[in-house]
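Listed next: structures, encoded as structure tokens.
Look for chain A in each of the two complexes below; its partner is chain B in the first and chain C in the second.
The block that comes next holds the complex of A and B.
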């Protein structure tokens, strides 16, 4: 269907150091506000206003870095301008978050609605002030001489060491904001899990009354959580306008503040998980830029991160329900509780869910191909492919659905569950490996090798996720009452 | 309170009051729209009304606006005051904001393009300046306008080193030129007949003919007016031909302009890169010449207030002027146009020498600045507050916009009633617009009475399904509806874009949009003001309002929605199937939002365009919040908010104030409306001040009363 050379170019692009570097680059503005969302979430005060906060910070950063040239003179301004912009951007970010905090905590406003107000305010105020300052409603390009945050160069000798050089090419010449973002993951983890205030914060989020009863100042903690989320969102905003670009564009965050609300769910509420979830989004973001050179509608890859979020929400919700059930079971069964068995079930249920969710991708892609075949080289080529993709996806969903809805079936019908899980995994991994091999010298053997390796890997993953225990250890114990 | 009694008080004075206020609103709007004033006679009024197209329908819509006001007062009672008050506070905030943006209004008095001119009967004293390159053509003594010798005067100062060239236009021309430089006293300073070979080599780009002449590196002996004389060598055979003269030097010109030659620049705002707030121009003056120094604006849209000074060769100020009189404007017709231009008339120059004209904007005092700001803000706010009623087509714009907004407000009111913070209306709107648009586009041959209901029904179904999805996720899986709807919105928008770009856009179309929807697919107009139409969507809207009201107030499911909204745990214990109800509430809201999309496609744009909605769902949130999620109040708040939205567009157009101000107002409205404790906070502040001694704040009050938890 597609020009093979083009496909090969795109694939080579995807499995390269440059692509991995670009993932880091586009992850940064998602990761920073995601950490902010995580902190506010864990304190039980979800900060919907991240998007508006980011916009305000992005704009403030540009304005102050541009004006610092006037204030401090050309040479000094060039040196400290970016940092002045960063500082003011972050300060404004914190102020925005505190505005939300005051309205929610002091005036008892609904935090979601005030968050929406904050987003509207951020979007509108930046455009209005930009219009006043520059006479332009679109962007500040050409009117404000903004500056860029510095890039960090790694020592050159690292590029000469064989294996290290691959990583050198990933991490060299990244914006300082990217480093800040990934260091922030560690800092947030340390704060939430190792510092008393962070532990109080999580307690407040779990149960504010209980936290208050042991003397934790709930309101104060929540003020702090919102301020921190504003700080992190501010960093993300500054990165948007000054990390790689040197201008502010109206609504330039384009929904990253909202994606950031979803990543903590995908990351299981943990800073490292949130970081990984952000990387997933970064991957899709970077992918949608690369895939643009294939002749498919650019809107399709643009949808992927959002679909992924919805699916992550579903998986997170299902897993939370399952976790609650397992907790109840554990307290009910006491010593007879088979922890390893339930761990295996939970892990394998994630696998089944993930398989089904990926298949939903397939369904949507197939619907898209049916709805706009002209974007995929015409109906006579799009319809057969869409039918195949749709049929396979539907099959995978139907096969996996029973094991998602009633997870006990994974343990009760081990053979059937194993067959479904391994078959589903095999389809995806086979395609993936096939594509990866396609870019190498093994091009001709890609199909056989790829799907062969896919089957082995699928079986290995199933066994590792708990299949091994179900096949062996679980038999030795008494069956679990349903 | 006794419900029967409350009903009695309601239906008594309140009803009369609300009907009266509704009637007043009807009257006020109709008068402005039809352009009726109180001083008109009845016949004139009738004439004015009948002059408008479809005046009956216009009156009907105005009556509906009155009814919406009535309903608002009747339903909200004292809360109505809070709604009005909130909007008023937000408007005041917006006024301050607009004033802030207009702080530079006085800048127009100190920036803009201007000209300076020294008018004299004498005529120009010089012809060229350093660096000029005049040219001409010798025509011989027998031509109609004979030119056998050209002379150019310029002002030079002692010590300047000049290179003067005279050369024929064409290469290897037979024209043989002679170049003479005369000093201020008329004596020849230097003369040249032909350039040497070295000079011709050095200046080969100019001196291309053997007869060209050059005076290289001449140092001027004194200040004064020098004259360059160029003529063909008398003994030469060729006496006609085009020639060029160059006066090159590195030295700066001693003067900028001369009598009767206007010169000018642009005074700009003080915060640009190269500010210009004062301009000085030098000219050569002769003793006893009578001159008038003028500084004036020559473009009609520039209002800079100028002042001008004339400074003598010795640096003394010879005269200064701030304004021009009527007679002066008559004398210098074509130059001076307004009173703020400056004219210094009839100055006799005391001596020969270089004079300076200094022009600058008149300094603007703080009072002027303030009054200019207030004036500009008032002008902007006038356009903002009365713009939508100023013309009939603007009124139509308002009504069209309001219909969409009310539909969205109703959609959001339904979900918010169940305390579900779904923002999916945007995506549902896109799907509604897409589905209805596609049906309208592809089945144009089906008669209107079948096609339009079919399209509307499909739009509602599409919205319903797109709302069902997050509803099911929320109800059965507990997936955060806010995040999921936001994500689904983007997916819907991208999907819409994809179908529009690759399927619906006609080939060779300049921009991304579908064809016009055929007439059978469009909503029928009831008001048509030269192409701007209000359609039967008005009646569809009434049906939707009634539906939403019946749904929430008069059906079991509405009761369940309200119960869930009040307390979901209680509803659960009370036997409500909360999951099903939550899912249905979100889906029904989606159906209404889908209809809003259909209205956009079939009623307003009449085709599918990119970015058909641009974040209107968030505006729907304001509408629903202002209405306290009450379907009967939504029409009024929708009209009110849409009025501000449309007004802001006219403010931007008429007064050049960013229409984003209205979105800032929107944010303030949301914050003020949702801040439940703001009223009590203000009250308590007052009380605390009153009994400062007996501090009555309980320590326990400062602890968090747990706010509603966002569902994990």
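The block that comes next holds the complex of A and C.
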């Protein structure tokens, strides 16, 4: 269908350590502010001003690292400059967040409006000061010599061990900020779930009056939460200008501070979930970059991250509804509540939803091919393929829909649900494995091996998600009357 | 009384100075020509808009009797139409209004008939003079100047194609090059079709990776796209993505590969703070917006600017060309320097028919093409590269 050489290159690019490394790179500047959004959200004071905070920190980092060369001399400046930049960037990030805190907590201003003001301030102030310092309103290139946070080199011998070498290529030569970001996930988790202050913070977010009634100082906790969100956004901002890139450009964060507001919701309000949600964004961003060089209409890959967001939000909404229903059942049925059964049902329902959502992708791709066949090497090639993709996608949606709308059906008709789930998974995994093998020396056997492995994997995933539990004869226990 | 004497003295002084630098006499005694430059973006992009501003600065520096007022409309496209309308309605502030880019052409065209005693210059896009839906009264007070970016990009393509088969440090044996566009719009595609054609001239098996970033102000994304291209074995990447493309240079530096800048001489700008990185920006495809606007205002003052018409400036007119700075001279192998000179001359003489995506430019002697043509489907070109190739 396409220039096979190019497809081969793109595929090799996707199924490579370098691709996974690029996911980590792309994720880092989303993950750090996401954790900031999470903390502020859990305390009930969502920090909308992350974007502006990141810009201020990014700019401050560049300025201080560049000037430390003048202040401390060339050699000392090179050594401590990055850290001076990091420190000042983070300090300014915290100050920005405290500004928001003072407006909201002290002067009772609306936190959303104040946050928007903070974003505008961040965007405008950085440009104004940049113009003052350099006479340039675009970026600092050519005027300020920004320094770079170090990259972490792993010991070389790891690269020689088979299998380990694959992971070595992912994690070697990543910015120190990437490591900090992922370590921060664990720290934030520890803080929120294991430290008294973190537990107080969550209580304040759930119900401030109740928290106040047991003696938690609500306002103080919220100051702390906002300061922490500023600190994390500040780290993200410094990473943009001193890790990912080595200059400041106006509005260079390009909406990452806003995406960060969405990830805690996708992640279910949990630090690890937020980390995974950020990785999902990073994955689709990186994927859209990899497939972008294929000769398909450029709008298609560009919409991937946004499609993924919509998809994730739909699944999140459906799952929240289901969770609420299960909670009601649990309290109604009391001791007779069949927890294991509902766990299996919930896990399998996510699978059905995911399968249907991926098929929606397929429909869109198919429509795209019908609308712009020239982008896919002409109508005579595009139309048949588009018809096949569209038909299969439609079939998968129709098959999975009953189990999405009424999840009890998964337990009531185990065989049918199993067939649908495994068939859907088989289609996707088969294509995935086929493409993966296509990049190796097994190119000719790719189709058979890929779909064979796909079937095995699909069955295994279904069994693991709760299919085994349902298959071994477990039906929903009748509730015991209380 | 003293005041009026000082005033007349100052006037006399101004008169004598302006006469000395040779401003046309007709304008010398008059009020200065008030020029408003409307920028639909921000200055400081180190390329396109900065180049327009440089043209204005040059007018001032050379003592032309003009005043310049630059209006920046910001990066939010939603504000561009209203911003331009406001600037045009402020009739006390300008005699000549200059605005550029494909996005602004329509906004300008549908309003110029409201200001029949004002003059307008449109750069990088031509208003549609024949279409009454846009130019209600024929846009007779608008002069359009566009650039044959396809010609300049053709040179950039020849250069990239030659670099990818050269023995420069870090070059792999595959003949793969890359181009990163800001958006999938005609002007950018006009760059790309020329670039692809140029590379095919040097390498019949050339492969050009093309990708659009989908925005003009995300350097991190530009860097990430470039890293992916270098990993797909591209040796040199042409950035046509404004502020997004600045990230491409960092990727080139980190990977030990090469990049081509756009619109301004981007290597010289970066060399100020990062000379090592600048070494990887071998050249830039310059759109000499500054020269074209300087020339247009100069012609206007002389009363010779052809309003109601569009001009296309190519290599021959100095509208486009490669940046031939020290980095270019030092890093480029001798045979490539010769090749570029020869191709330049051939284009100048019209010996090579270059691709374009603009239908209305076919009559200027270009060949209509689409993005992504493989070398086998590129038009035949009457130019022999083999005598320049090494070995």
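Keep this in mind: the second predicted complex is superposed on the first by the 443 of 482 C-alpha atoms of A that agree within 3 Å, B and C clash if a C-alpha of one lies under 4 Å from a C-alpha of the other, contacts with A are read in each partner's own complex, and residues count from 1 in each chain.
Note that a contact is a pair of C-beta atoms (placed from the backbone, for glycine too) under 8 Å apart; a residue touches a chain by one contact, two chains touch by 3 or more.
Just so we're clear, the structure is a prediction, and the values are computed from it rather than from any experiment.
**Student:** Would you mind checking whether chain B and chain C clash or fit side by side on chain A after the superposition?
**Tutor:** clash
**Student:** Have a look and say if chain B or chain C is in touch with more residues of chain A.
**Tutor:** The partner with more contacted residues on chain A is B.
**Student:** Under the stated touch criterion, which partner chain does A:64 make contact with: chain B (first), chain C (second), both, or neither?
**Tutor:** It touches nothing on chain B or chain C.
**Student:** Regarding the shared-chain residue A:302, is it in contact with chain B (first), chain C (second), both, or neither?
**Tutor:** Both: A:302 reaches chain B and chain C.
**Student:** After superposition on the shared chain, which partner residues are touched by A:189: those of chain B (first), chain C (second), both, or neither?
**Tutor:** Once the two structures are laid over each other on A, A:189 reaches no partner at all.
**Student:** With the two structures laid over each other on chain A, which partner does A:316 touch: chain B (first), chain C (second), both, or neither?
**Tutor:** After superposing on A, A:316 lies in contact with chain B but is clear of chain C.
**Student:** Touching A:137, do we find chain B (first), chain C (second), both, or neither?
**Tutor:** both
**Student:** Give one of first, second, both or neither to describe whether A:426 is in contact with chain B, with chain C, with both, or with none.
**Tutor:** neither
**Student:** Would you indicate which of the stretches 488-496, 524-532, 668-676 or 704-712 belonging to chain B has clashing C-alpha atoms with chain C?
**Tutor:** The answer is stretch 524-532.
**Student:** I'd like to check the shared interface: which positions of chain A are touched by both chain B and chain C across the two complexes?
**Tutor:** Touching chain B and chain C on chain A: residues 127, 137, 297, 299, 302.
**Student:** If you look only at chain C, which of its residues touch chain A in the complex?
**Tutor:** It comes out as residues 42-46, 50, 72, 75, 178, 184, 207, 209-212, 214-215, 217-221, 223-225, 227-229, 231-233, 243, 246-247, 250, 269-274, 372, 374.
**Student:** Flag every residue of chain B that touches chain A in the complex, lowest number first.
**Tutor:** So the residues of chain B in touch with chain A come to 97, 101, 421, 423, 473, 477-480, 482-484, 486-488, 490-491, 494-495, 497-499, 501-503, 618, 621, 625, 658, 660-661, 663-664, 666-668, 670-671, 674-678, 681, 702-704, 706-710, 712.
**Student:** Mind listing the chain A positions that touch chain C in their complex?
**Tutor:** These residues of chain A touch chain C: 3, 5-6, 9-10, 13, 16, 18, 22, 25-26, 29, 127, 136-139, 141-145, 240, 244-247, 249-252, 254, 285-286, 289-290, 292-293, 295, 297-299, 302.
**Student:** Can you check the complex and tell me which residues of chain A touch chain B?
**Tutor:** It comes out as residues 44-46, 48, 103-114, 116-121, 123-125, 127-128, 131-132, 137, 208-209, 212, 218-219, 222, 255, 258-259, 261-262, 265, 297, 299-300, 302-303, 306-307, 309-310, 313-314, 316-318, 320-321, 364, 368, 371-375.
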